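Once you scroll down, you'll see the structures, which are given as structure tokens.
Common to both upcoming complexes is chain A, partnered first by chain B, then by chain C.
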Partner chain A sequence: MKKYFTITKKVFRIITVFRFNFIFSIIGNLLYIIILYFLWGAIYSSGAKKLNGMTFNQVFVYLSLASTIFMLFSTYLEWGMSREVIEGSIVMHFVKPVDLQMYKLFESLGFVLINFVTVTLPSILMILVVFRPQMPLGINLIFFPLSLILAYFIMFNIDFFVGLLCFYNESTWGMSSAKDSIVMLLSGAVIPISFFPGTLKTIVNFLPFQAVYNIPLDTLVSYNLNINDYLRNIVLQLVWVVILFIVNRLFFRKAVKVVTVNGG
Partner chain B sequence: MKRFRFYARLYILMISQYIKARMQFRSDFYISTFAMILLNITGIFSYWILFHSISSIDGWNFNQLVFLYSFALLATTPQQIFFDNLWVIRISLRNGNFIKYYFKPINTLFYYISEVFDIKGLGQLGLALVMLIYSSVKLGINWNLLNIIMLIVFILSSALIMISLMLLAASISFWVIESVSVIMLIHKLSEYSRYPITIFNGVFRFIFTGIIPIAFIAYYPSRYFLSQGTFDVKVFATPFVGIILFMIAYRVWTIGVNRYSGTGS
Partner chain C sequence: MSIIQINNLCKNFKVLNRHQGFGGAIKDLFSRDYKIVKAVENISMSIEKGEMVGFVGPNGAGKSTTIKMMTGVLEPTSGDILVDNFVPYKQRMKYVRNIGVVFGQRTQLWWELPVIESFRLLKEIFEIDDKTYETNMGVFNELVGINALFNTPVRFLSLGQRMLCDIVAAFLHNPKIIFLDEPTIGLDVSVKNKIRGLIKELNSMNKTTILLTTHDISDLEVLCKRIIIVDKGSVIFDGDMQKVNSIFGAYRVLRLELSEQNNLEELSAKIMSNFKCDKPPEIEPCEDGWINITINLEEIKLIDMLNYLLTLFPLKDIKVEEIPTEKVIREIYEGGM
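After this line comes the complex of A and B, so read on.
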């Protein structure tokens, strides 16, 4: 375990060089939150107190945190993997006594930690101070962080899956942005899941994406959930973590055979 | 005129070489075009979901918002297709490759941008046109000759605004090498030009009209077509905003180019 944490520390050191980028990432996120504030303000201005069971306040917290979580989970994992395949340096992982999936998990953990300190914390503070949103204060505050950690493991596996797909072609931009579009929309990060029309909502509930954003965010903002719902959601997330982890294991064994590195 | 012909011929030569090289990676072309279209369908799709619960946003109905969206998409397409190389300027500045753009007797900006032609942007162009036609048919916009001319004029001016903003953001790389986040910020900002500017309060309306004029990318020009007869005079400021902004951006770029001194190797 210790060797893996060394990887995490390594990333932490590299990234602190690029401070300028973090300032602009925070500004970018805040700007998006401001846009959300006005856009949903206009949507709710027609007089409705609640749309699909959500107040303006709930939607605002839900979506602004979704964007902040997106920044938190931005580890550019598939970009790194694709570059390693194109450069051929991926073979260096195969000759070392470390497991690639675990290596990548701890590497991306480094990115997540640095994102948390540099982007997520300032963003959350700004949301709380500037907009003073209301949310239920209770047992959900314990389940939210737990749910968020599981959401990260699901997101990591989705990223890793796309990273493995990059073994087969060199279209990193294409794969990565297709993934982002699909995940963001079907997870509720752009429009809360409760706004989805009936059939679509049913389909989305059978997909892993809503476990990344909708479950933790719903846990945080919804007044209608009780402890059984929280526990059921956590179990659902755990199931997705296990399924995706196994799928990636099997996929990796297949994908590793197509890697060709010329010379060196 | 002779000079223009020279540049046009040069551009075609350089781009055809680039496309030949890219076509070695044919799957990349298909996947990124698909992703490009998916990216924008997602945007429209979220409006579609939203309009299950509401009937209008700030007085704009679904088709009007689609029109606004497609206008913004169309206006950003030239920047996407012709100026895509600006995204990676930091890489050539850092490794010193940028110095090669000084060694040919042609315009540095022209030389730099003519190295990349973003093929996947054509997917965006196609989608934007389909959406524009769909929404204008639904809205019953009368495409007479005057309106078509105005559409072309407005698209070109909005495109110039978009190009200028990206050029300004990319020029920052001459002073701060790791500035990709500034380009990302401007790119994100340009996406907000898809929303009616009237949803914002006075402060942001002022910023988006006067300081970072994203309101001129889609909102004001669309008003010309959506509210025939009763639009704001600001609509006609669009071409001037585009030209002035481009002059500023080009000036900043030139200062940056003159300032860069290579990496010494």
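After this line comes the complex of A and C, so read on.
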């Protein structure tokens, strides 16, 4: 296990090469949050206190944090994997005693930790200080980080899955943006899930995407949930982590043949 | 028991038959029209512990494919392969701890990291204990002064420096077998010498088995006692380096640049009539306007040929070169070694 943590540490050193990225990420995120503020301010200005059970304040915290979490989870995993397959440097992983899925997990963990310090923390501070949102202050503050960590493991597996798809073809850009759009829309990161029509809401509940954004964010901002709901959500996330991890394991065994049988 | 045992190894690749033009590209999207390319056909060999074997052949002969199968990266289509009692592609995780690999075109180091960080990472990944690590790093520093490069990120290293680092990195975990796929490609003579010295030293220190592919015949002269030549996916020669050396040594290519246009046929006829022997010189024009004359030194003295040529016409420039690998392979075919 120790060897995989070393890989995480490696990312810390690599990333300083691209340090200007952070500044642009933060600026981009803050601009987006400001847009959210005015957009949803306009939607709520018609006088309604609550839309679909959410106040303006809740929607704003929900969406601005969703965007911040999106930045947090941006590890460009599938880009890295597809580049390695196209260049053929993927074989260098196979001549080392490492498991590719674990290697990539701990590598992207490094990116997430860096993102957390450089993008997420400043963004959250700014949301708290400038917009002074209200949220329930209770046990949910303990469940939120836990839920967020599980959300990361789900997101990693979705990314890894798309990365494995890149073994089969080279259109990374298309697949990566398709993945981003699907995840953003169906997870409630663009429009809160409580705004979804009934049927879609039911469908979305059976998909892993809402476990990435909706569950942790709902845990944080909703006043209607109690401890049983929090626990049920955590279990649901755990189930998704296990399912996706196994699916990827099996898919990897198949996808790796593209390289080992056809020579990449 | 040999450390590497390969029997009737084959590898086929399925390649899509591509069509030309835009319409062709659309067709390719749905095409199931594959052709089978036989990259490796019935290769058998066995290599003993501690041997240093040269693995040669022209481009596309199947060298790299064979090496990739030996390292467990590719799965053979058929045939048996047993390296250090492992079937490489099946028991990959355990197996790769015992081998070191250098693919000359790629690096196993991390581009963005300083060299020393890459080594530390490899130490963790291969779970090398501190003592072995320190000892090996000491040895590497003694041999090639690796410490001087420690703080440079890999992407800033020159090709030669990177190759030195890559080779010592492959030896870091004391592997039993090392695969070096074109370790001297694109390097200048002095770096090549350094790398040859390094490989030789490391081989004799731990009795590491080394399999080396290269296009540079002088690599083999310095390093290997035994060489295996492959062409079109099959082994065509497996034996003493000296035998091959006698072929390389026996021939020279004389390259001439003429100051005026000459009739090649007329020239050939003149040379042929002057030098009558069993293996007549081969005369062929080159694309760049030069003329290549391959001569067998046992039959004709180089100086005689030069003298004769000078009497025929004024020369602008002369080069003497070793014969290319392809010619040696043809020679082996024809000579039936």
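Going forward, the second predicted complex is superposed on the first by the 259 of 264 C-alpha atoms of A that agree within 3 Å, B and C clash if a C-alpha of one lies under 4 Å from a C-alpha of the other, contacts with A are read in each partner's own complex, and residues count from 1 in each chain.
In the analysis below, a contact is a pair of C-beta atoms (placed from the backbone, for glycine too) under 8 Å apart; a residue touches a chain by one contact, two chains touch by 3 or more.
Being a predicted model, the structure only gives us computed values, none of them experimental.
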Just checking: does A:V239 make contact with chain B only, chain C only, both, or neither of them? Give me first, second, both or neither. neither
Once the shared chain is lined up, is A:I149 touching chain B (first), chain C (second), both, or neither of them? neither
Counting touched residues of chain A, say whether chain B or chain C comes out ahead. B
I'd like to know which partner A:K3 touches here: chain B for first, chain C for second, both or neither. second
Of the two partner chains, chain B (first) and chain C (second), which one does A:F94 touch, if any: first, second, both, or neither? second
Quick check for you: in the superposed arrangement, does A:L141 touch first (chain B), second (chain C), both or neither? neither
Looking at the overlay, what does A:S181 touch: chain B (first), chain C (second), both, or neither? first
Chain B and chain C footprints on chain A, overlapping residues: none
Within their complex, chain B touches chain A through residues 25, 27-28, 31-36, 38-39, 42, 45-46, 49-50, 52-58, 120, 176, 178-182, 184-185, 188-189, 192, 195-196, 199-201, 204
Residues of chain C defined as touching chain A within the complex: 13-14, 39, 65, 68, 71-75, 89, 92-94, 96-97, 99, 101, 103, 106-108, 110, 112-114, 117, 120-122, 124-127
The residues of chain A that touch chain B in their complex are 18, 20-25, 27-28, 31-32, 34-35, 38-39, 41-43, 45-46, 48, 51-52, 169-171, 173-175, 177-178, 181-182, 184-185, 190-191, 195-197, 200
Please name which positions on chain A make contact with chain C in the complex. 2-3, 6-7, 10, 13-14, 17, 88-89, 91-92, 94-99, 257, 259-263
